[in-house]
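For reference, the structure is listed below as structure tokens.
Letters A, B, C and D mark the chains in the order given here, with residues in each chain numbered from 1 onward.
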Amino acid sequence: MSSAVNYHDYLQLDKILNAQLLESDKQAMPAHDEMLFIVIHQAYELWFKQLHHEANSIVSIMGKPALNDNSPELQTVVHRLNRMVTILRVLVHQIDIMETMTPMDFLDFRDMLRPASGFQSWQFKELEAKLGLKFEHRHGKEYYTAQLRKEHVDVIKKAEGDKSLLDLLNGWLERMPFFQEKENWNGFIACSENQEGLHPFWSEYRRQYQNSLADAEKNNLQAFDEVFLSSANNERTISATASKSALFIMLYRGYPMLQLPFQLLNALLEIDEQLSSWRYRHMNMVHRMIGMRIGTGGSSGKDYLKAAADKHYIFKEIAQLNSFLIERRKLPVLPVQVEKRLGFVAS
Amino acid sequence: MSSAVNYHDYLQLDKILNAQLLESDKQAMPAHDEMLFIVIHQAYELWFKQLHHEANSIVSIMGKPALNDNSPELQTVVHRLNRMVTILRVLVHQIDIMETMTPMDFLDFRDMLRPASGFQSWQFKELEAKLGLKFEHRHGKEYYTAQLRKEHVDVIKKAEGDKSLLDLLNGWLERMPFFQEKENWNGFIACSENQEGLHPFWSEYRRQYQNSLADAEKNNLQAFDEVFLSSANNERTISATASKSALFIMLYRGYPMLQLPFQLLNALLEIDEQLSSWRYRHMNMVHRMIGMRIGTGGSSGKDYLKAAADKHYIFKEIAQLNSFLIERRKLPVLPVQVEKRLGFVAS
Amino acid sequence: MSSAVNYHDYLQLDKILNAQLLESDKQAMPAHDEMLFIVIHQAYELWFKQLHHEANSIVSIMGKPALNDNSPELQTVVHRLNRMVTILRVLVHQIDIMETMTPMDFLDFRDMLRPASGFQSWQFKELEAKLGLKFEHRHGKEYYTAQLRKEHVDVIKKAEGDKSLLDLLNGWLERMPFFQEKENWNGFIACSENQEGLHPFWSEYRRQYQNSLADAEKNNLQAFDEVFLSSANNERTISATASKSALFIMLYRGYPMLQLPFQLLNALLEIDEQLSSWRYRHMNMVHRMIGMRIGTGGSSGKDYLKAAADKHYIFKEIAQLNSFLIERRKLPVLPVQVEKRLGFVAS
Amino acid sequence: MSSAVNYHDYLQLDKILNAQLLESDKQAMPAHDEMLFIVIHQAYELWFKQLHHEANSIVSIMGKPALNDNSPELQTVVHRLNRMVTILRVLVHQIDIMETMTPMDFLDFRDMLRPASGFQSWQFKELEAKLGLKFEHRHGKEYYTAQLRKEHVDVIKKAEGDKSLLDLLNGWLERMPFFQEKENWNGFIACSENQEGLHPFWSEYRRQYQNSLADAEKNNLQAFDEVFLSSANNERTISATASKSALFIMLYRGYPMLQLPFQLLNALLEIDEQLSSWRYRHMNMVHRMIGMRIGTGGSSGKDYLKAAADKHYIFKEIAQLNSFLIERRKLPVLPVQVEKRLGFVAS
């Protein structure tokens, strides 16, 4: 560095600390809490930028034709997903601050903001798209296109067009090599006859799963077949092949080579859970703030948010796999060759 | 105290620390995480006992024929409600611990627990009833009577039969004296003609509210009339009279005599919000744990919890009042006599 | 508002989201985590601005010659202090995010930042000064003058020169009227003889306090006299008169007129506690990050932070008063006239 | 399971919910908050039991003559350490609940508890000992032997006599094989001459570290030698050999075989940090509660806690290693043979 770095300049605090212009000041109808309203939304947008920074780096690694298992790539992905979770936890907590603004205090300046609205956070929508929320699964599909400027709609559209983290996850799972390599499975011991057309491991596993079902759960077998055996072009983003890989990771996570993949799947579920908590608390907060009034952006407020919270789970196909686990003591024993592939070089 | 108190004996740790008997040990199929499962539920039940201790004292104060405004009674109520909120926050956070148990780890002992289930926490159901959840508003009404022992069903039934905090709140709000006393309102200045049969203050307020509504919100006036003017025997627990008092408190919370009442209303909404967060995170956790499997108690797991989370808001009639606020600068000015009643003795 | 407000423009996101320029990019030695480093510090500074916004409004109210007990002034002060506490809690939590940066990741760009340093957050130092931290009580007094630009040193110096919240608190407590008005205390019943020169209430209270002391605590009586009876010009900012008022508030907080003052004292202690938690966690984080290396600003890192954390309690003279409480059942009974002054107009 | 399990019986709620006997009730001087005091301490003790359950299983795995890298052992250790961190976070948060008890409310029953005291939590002291706190490093060494019953002192003494997690960590680190195997290091390329008696890797690393030191940090080289090169019998529990292994893990954590070891070291530091936060907040809470009064157990309260908080860092020798990192881009390149040992079987 040629010249000395100064904290104030480095952080560009002249920009950051001079970006709060209150409508209530402009209109000479002072409303103390408008500053809070601006600052908290700016803080959210700063963190959204950081979430994009992490997501971009993750997408870039996951987008490689193949990950190098002997490099830190997967570790880096997991570490950064976990950081995203940590950030999202703080963003959920941050709603506590917004809740210190009472409805009467909000009314002091609320009408001055129309038609601005939190729905116009294009960074948040872009993030959802980048993670894997498709336009057609969005609640109130056409809504954001009407609310946002063209340049910001374009940003979201682009993210929707690119491969999302969910797509890349599917590809990565599909590339898992253990089942394709037939010779690995010589000597696999099954307790039940092999079902035609099925890999011996999965034929055996399906039988074990079937046996584990309580009477009231018998329909689950059909769901099992739809998720893992169907080649039909269903609604799912995670293919049957990828789903089997993901389930295998969950079942045999104890082997070294599956430890980070298991952490990766868990981190994705955590992200969904935190996003969901955020949407839920945000919805409750809006409800408490405006009741059944119309949001500043013209939406019906709570109802929109509730529907979105219910629909916008991104990794739900992964979460769903937990329905298909069986007890550890009933797990098929893996052949030695597979075990070897899953472990470290013997010393 | 005649004899020395000892920490270990005082806390009865011999009881507390010897109350964990693992089914998986009994059955000689060790499952490490069953200890966690037991301990966390015991911790929850301990805190439920504490929540009852606070709720009982609050109900006992609110159940008096009249609170003495010059005593610490209301302050005590608010303080203990806020403590309940603080406890509930920790209980929500505590779900993080449960989430460290993976679905596979739960499967190690899950079947051994049937048909025990978290639905059998009679203390939690009793608490909901004590706060004001009525049997007829409960999701899956008959469910708990089938699941619980008669002695525990009786405990809940008794709480449902007694006056709940919600009932007592209604009574306390109805007793608010300012409007009954006609002489207080001499000299009240209204900008609009008085609507027949309506107190001049509320006639004026209704007009202001009407003016504040956006086109898309015009139906809100009808809701206003139903909440505040109807004497009809509707579904509401909070009567029209009590609703007016509550709204008055929210609007004029700045006057000394309304400050604690305002804190009280807020604390009730906070309790609902934390209960709701708890149910929501609990639901997500169960979903992640068992997917679409059947709960140990035989319920459909997530669906039950979701419906309950949506329906079990206890103080929603108070929350709803936020729909009927108007801007501070448009608030009717109170007559001097009323202002005097709301303040301290002039020094 | 003449024209439509847009979310993006209203929040000035062009400024906010384009204020991250990485040194590691400039130097073409990419360091992924530098973005986090910048964003988290910007988020802190945004919140510091908000804390100033709240503190300014509080100082402005407390700086009035007299608060109007029948206005919302004190309620506003308490509400905004509590908001500051809520913000500070989030800021403490936010350290979790910083801790996702490992020491090795920090090393990737650490040297590029010299001599910038978190010590150069003039907003934080200004906040400490505004609340009541005096220059002479600061650890490493001369340190900040050497590190900061003159314009920012001037900002802090100005805050140190103005009346701080601690000063204004002292003035407000000193103005509490109950003891000056002699006629109020006719009929006060004491169990002990009046100590000459002492107000009968405090003479009685001192006796009760003395009786409550265990043998090992007998020296506390001397401390009592220094705090409450001394007119000497000691080190304290809170005078003997003000200390007596504060203690009286703590003891008789149940009376309506003392309820908000009690909440105010509590909120101040909470602010200190959160500031202290922040400094403590920050210290641990720095320690974990750089061990016994020298901070980028040239300080000895952890040692500086530790000394500051120990010394920078701002409201410690209030916290200390808890040493002088006695059991509720031994409290002197207040005369009827005083009780009346502390309550609402009889209805 | 032969018979149906019932929630109430399974959790032994008859024991748990009937273990609260208030001294203030016995003495007929009702103190509402004593219930809180009992319940929160019981909740803490329940969680301490759980922490022991986790710690025992970890100690039992780490105590094996050698961990099997191809088994889930290390993963299990890391998972359970992280669970301990999650529990400790809740325990820190739980202090919020205790803080809802005001000093005046505590005074209502405080004297009835003497000489019971939180210092008598033998489970907490046993936990500290099990993790690695030695008797001679304890603040107020003789204190607990005087305060506790012989049977509980014996429990702690036993934990102090057994191999602690810190001891086992040292053994595990010392067994790390890479440096002993000379043939691994053929072809290692150093930029500096080899220092006699030193492994070529560490000779090179020491030189790089030396070059990285700022002028004011030159003494760090001496510290480096003491930590990593000294065979002298110094105060350290983590030997020079083990310290080198730990630093190697931190530096090359990206290689598959070092990923879980790195997570393990991090989890241990997290445990220390949470324990430290707990002690710190507990200290502040006691200070706020009793000021400079004497604790119920006869201690000087805050001072004791402060000294303990400063001294009782258990894994500080690991934390300290962060002082000896160098930039990633200056890291010595590992020979191919070593890289191979650190990765998965090539596919």
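Going forward, a contact is a pair of C-beta atoms (placed from the backbone, for glycine too) under 8 Å apart; a residue touches a chain by one contact, two chains touch by 3 or more.
Since the structure is predicted, the reported quantities are computational estimates derived from the model, not experimental observations.
Visitor: Mind listing the chains that sit against chain C and also against chain D?
Guide: Common contact partners of chain C and chain D, which must touch each of the two, are A, B.
Visitor: How many degrees of rotation bring the Cα atoms of chain A onto the matching Cα atoms of chain B, given to the nearest 5?
Guide: 180
Visitor: Between B-D and A-D, flag the pair that has more C-beta pairs in contact.
Guide: Result: the pair with more contacts is B-D.
Visitor: Find the geometric centre of each of chain A and chain D from their Cα atoms only, then give the gap between the two centres in Å, rounded to an integer.
Guide: 33
Visitor: Can you compute the centre-to-centre distance for chain B and chain D, using the mean CA position of each chain? Integer Å is fine.
Guide: 39
Visitor: Mind pulling the chain D residues that touch 2 or more other chains?
Guide: 253
Visitor: Would you mind writing out the residues of chain B in touch with chain C in their complex?
Guide: By the definition above, chain B touches chain C via 69-72, 75, 177, 253-257, 259-260, 339-347.
Visitor: Which residues, counting only chain A, touch chain C once they are in their complex?
Guide: So the residues of chain A touching chain C come out as 1, 4-8, 10-13, 15-21, 23, 27, 32, 35-36, 38-43, 45-47, 49-50, 53, 57, 79, 82-83, 86-87, 89-90, 93-94, 96-97, 100, 112-123, 149, 152.
Visitor: Report the residues of chain A in contact with chain B in the complex, numbered from low to high.
Guide: Per the stated touch rule, the residues are 29, 103-104, 107-108, 111, 214, 216-217, 220, 223, 250-251, 253, 269, 273, 276-277, 280-281, 284, 287-294, 298, 319-329.
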